[in-house]
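Letters are used for the chains, namely A, B, C, D and E, taken in the order the chains are written, and counting of residues starts over at 1 for each.
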Amino acid sequence: MLRGFTLTLARDMRLALRRKGDAANVLLFFVIVASLFPLGTGAEPGPLRAIGAGVVWVCALLASLLSLPRLFAADLADGTLEQMLVSAQPLGALVAGKIAAHWLTTGLPLALVAPLLGLQYGLPTDALAVLLASVLLGSPVLSLLGAAGAALTLGVRGAGVLAGILVLPLCVPALVFGAGAVAATLSALDPAPHLSLLGAFLAVSFVLGLWASCAALRVALD
Amino acid sequence: MLRGFTLTLARDMRLALRRKGDAANVLLFFVIVASLFPLGTGAEPGPLRAIGAGVVWVCALLASLLSLPRLFAADLADGTLEQMLVSAQPLGALVAGKIAAHWLTTGLPLALVAPLLGLQYGLPTDALAVLLASVLLGSPVLSLLGAAGAALTLGVRGAGVLAGILVLPLCVPALVFGAGAVAATLSALDPAPHLSLLGAFLAVSFVLGLWASCAALRVALD
Amino acid sequence: MASVLYTYASPQAFYPLAGRMIPWFAWAAAILALAGLYVGFFVAPTDATQGEAYRIIFLHVPAAWMSMFIYVVMAGWAGLGLVLNTRLSGMMASALAPTGAMFTFLALWSGALWGRPTWGTYWVWDARLTSELILLFLYLGFIALKEAIEDPRRADRASAVLALVGVVNIPIIYFSVQWWNTLHQGASVSFTAAPKMAATMLAGMLLMVFAAWMYSIAVSLARVRAIILERERDAAWVREAIA
Amino acid sequence: MLEAKALACERGGRRLFGGISIALEPGALVRVRGPNGSGKTSLLRILAGLTRPAEGEVRWRGAPIAELAEAYGAEMLFLGHAPGVKAELTAAENLAFALRLAGIAAGEREVREALARWGVGAQAGLPARVLSEGQRRRVALARLALASRVPLWLLDEPFAALDEDGVGLLRERLATHLAAGGMAVLTSHQEIALAARRVHTVALGA
Amino acid sequence: MLEAKALACERGGRRLFGGISIALEPGALVRVRGPNGSGKTSLLRILAGLTRPAEGEVRWRGAPIAELAEAYGAEMLFLGHAPGVKAELTAAENLAFALRLAGIAAGEREVREALARWGVGAQAGLPARVLSEGQRRRVALARLALASRVPLWLLDEPFAALDEDGVGLLRERLATHLAAGGMAVLTSHQEIALAARRVHTVALGA
């Protein structure tokens, strides 16, 4: 189990280091799109603060979606995926390793940058901390469900858009709870209920996302 | 010249329209993404109207970016790109055909749907017309500059960062002029200066994007 | 029972059976709908608080119930196909999806129309409404994924995975009014508690629900017949059936 | 050990083959032959458990392979047409990953030695992208050098892209594997003489 | 017609080959031989104008190919190891596109005929993804059926993945092309007898 997990985790991390561009692109996209709203809307501080957490969350969602098509497609093209399916390690562990690597290279950097963007929107310090916590908790959901979407659309033309269609609706609860936690803080309410709902949703999507990814990969290579 | 252009244009259009669902998928994607922002931001009419144009523009950028990686990568992987470089047609015409097909299948439908999205955000009629015009003018920029980025990311190691740094900031003027035109209308100002700046920017990026794409493709296959 | 099921699990055996069943369900749907509309518009009293606008309920509630019910049935067929690898299951799921999407759209549309006079707005982003919208996206995603994969067997299995993942949304829709503080009203029909609405209203609504049910079965059977013909077009029995 | 009974394969509504039975005992080799598109690759994928057969069943040590899952993966090595070599990773990294995926423990020195034995020792540190077609194939095949413990090898066109010297290396490796009680199923368009205790031939296509 | 003088190729600071000169006249065939990684593919890519040589120059009808650009492309047909077949397009669409890219006019009927001649007529309407390796290769090679007007063919391992029947087809096609005054450069690991007015051999590697 653990060996399979660390195996693909280490390999994908190494590949990501070789192709730093991919991860950097995602982060850049996140930062630029999120910084663009004040530019594009020319809004005053009041409304800006109100939409801040939501914009940051949606941008994080879109940014991590942007990196999805690559998750399995390259492995399919060069035959590595086939090798994973016939390997001596359980498929679930191998896929979990890949998803973990995806989160470490996109979700985690996104979460760490999120408070900086929140600062741009004039969020107060306590809201920034909640924003960080909510993106930290929520971004693994995006990686997990996103992996399922990527696996389902493997080898399909227009996979990027299609994966978005499949994944985005499923991610809505994460978005609602995540942005909701920040909004609660702004209204001087307790963000904890939102965050624990987010945590529960993470647990559900761990099981569902992993199962769906493995099942979809087997189907794609049948 | 023209034959090379229509050749790849027709082929890529056929690739894109092979399944009737593909065009619908792009539109569906926009509806979903557009529904995400109100969810995250708490959805009061005031702030919603302020971010409307920005949201549509983010969707445009996203659609281009999501569909871009495959623009040349698939052709490279299966050897078609090699065939294009040694073909009897000038490379510039072939690449222009590919970019035109990309715009027709992503930028154009997006521009046509943009006013509908704006309606959801409660934009007034005159702002909707300006939004349509700005996305019509701006989306080719995204296809052209995006193609250059896609070509640059081929083969050369670490080119991902380079492309990100090159393309995204280059697209920012388009987004600022585009959203700015709508914002001007909302403040009862004349959107024409913004739109003509956008037009000028389109002319520049036509030359720049096409040249950069061809040069980058030759480098990638050397 | 098991052997009967097994026999009709083959598309070839199911095709004529479906053909024989369609008229029955279609007529049942038509009669029930006529009766339901009559009761709904001429017998049921005007609502004390909402006036005549409440009559949208006869469209809205059946559509909303069917949208969720069809999804569960569709996911059930899809899951069955994934486990047992039977050809008919995937076809049934494909046949159900458009009807489910139609009812979801109808529920959203009628709900929005109803919301204007009662809530003063077409749309609010509350949990019930949002999760119903997500259901529409799930249906459309299911259809889009099926369309995108050429090999029908592969398409069946991939979309089955998606359908099963999406099932989580159903309890969220149903219980959203209890779990969250929503504008939308809670359940007024329940098997355990006494009904809270006028008997004629309830009768009209239930008639419409059964009509929607019969309609869904008839339409899905007709669609599955078309799918069987298309997928098995190279089989000898289809050539004979057409010729 | 490996038993396949009455296998059938359907693709796009067309039956590629049917009624194929295979029984493989230690030391035996199965050659799958047939023209292009006759279903050789499909048969190998069924034996590897990647594709479900339309009819029939594959058993390994008496148990259906679908139930064995990764336990079967640990005793079987599948080499498809795509060599599973990542362009960005070096030859050595590629081989090390492939070995661990197959459940074979190997240190850095053994990896280098295996590459050297397959004539790509000088390229060990190069990213696979710059390797020639044959060199990439050799990197993929190098895992065989350390796969003595894996009893069953399924090889799809292993001789493709190899030069004479490479063909010789692979023949030798196969011969030692079979002599030590291993088993192999392979497809090949080229006529290559192979030493084995028993050679079965499965002929597909018209 | 095709003249290459004192070509040298360097890769990663290492010289793969040097001082290779080739002169091809109508009806002549050049075979490039050499072990894996000796630079055969690299040489073909230089001749096609895809890679610039470290030293030397390639000329076509007396003019450097770098200057001719697409005018050279119209008279030359290059078939690399990757066959340039798009997985999403059908076999017929793939061939039609490849032909038009090479500047060869061909109607729908001719495309179907060419595919049928290469034994993939039944697969003309299938997306290339579901084709077998050899069938994909045949789709790529089918453009040769309509490329009689193109004088120069550069073929990298064209016999790979083909069954006996396919090898026979390609040999025949090459023979007619050369007999009609065409030229060809090809690499191949397999020993395949080819009929040509003149056969030159370029040997690379140790």
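The rule is short, and it goes like this: contacts are C-beta pairs under 8 Å (C-beta built on N, C-alpha and C of every residue); 3 or more make two chains touch, one makes a residue touch a chain.
Remember, predicted model here, so these are calculated numbers, not experimental data.
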Check: Using C-alpha centroids, which chain lies at the maximum separation from chain E?
Finding: C
Margin query: Can you check which chain pair, B-C or A-C, has more C-beta pairs in contact?
Written below: A-C
Notebook entry, point to check: Same residues or different residues: which describes how chain A and chain B meet, taking over half shared numbers as same?
Noted result: same
Margin query: Just the number, please: Cα centre separation of chain D and chain E in whole Å.
Written below: 30
Item checked: chain A and chain B, separation of their C-alpha mean positions in angstrom -> 23
Checklist line | Between chain C and chain A, distance of the C-alpha-averaged centres to the nearest whole Å | finding: 32
Notebook entry, point to check: CA centre of chain C versus CA centre of chain E: separation in Å?
Noted result: 57
Check: What residues in chain C touch two or more of the other chains?
Finding: 130, 137, 140, 144, 148, 151
Next item on the list: Mark out which residues of chain D touch at least two other chains, giving numbers and ranges.
Entry: 12, 52, 81, 88
Item checked: Of all residues in chain B, the ones touching two or more other chains -> 15, 18-19, 22, 25, 28, 32, 39, 77, 157
Checklist line | Of all residues in chain C, those that touch chain B in their complex | finding: 124-125, 130, 133, 137, 140, 143-144, 147-148
Item checked: Sites on chain A touched by chain B in the complex -> 18-22, 24-25, 28-29, 32-33, 36-37, 39-43, 47, 50-51, 53-55, 57-59, 61-62, 65-66, 69-70, 77, 157-158, 160-162, 164-165, 168-169, 172, 175-176, 178-179, 183
Next item on the list: Please give the residue numbers of chain E that touch chain B in the complex, ascending.
Entry: 48-52, 69-74, 76, 78, 80-89, 93, 97-98, 100-103
Notebook entry, point to check: Residues of chain B touching chain C in their complex?
Noted result: 19-22, 24-25, 28, 32, 35, 38-39, 43
Notebook entry, point to check: Within the complex, which stretch of chain E touches chain D?
Noted result: 11-12, 34-37, 40-41, 81, 119-120, 123, 126, 130-135, 137-138, 157, 160-166, 189-190
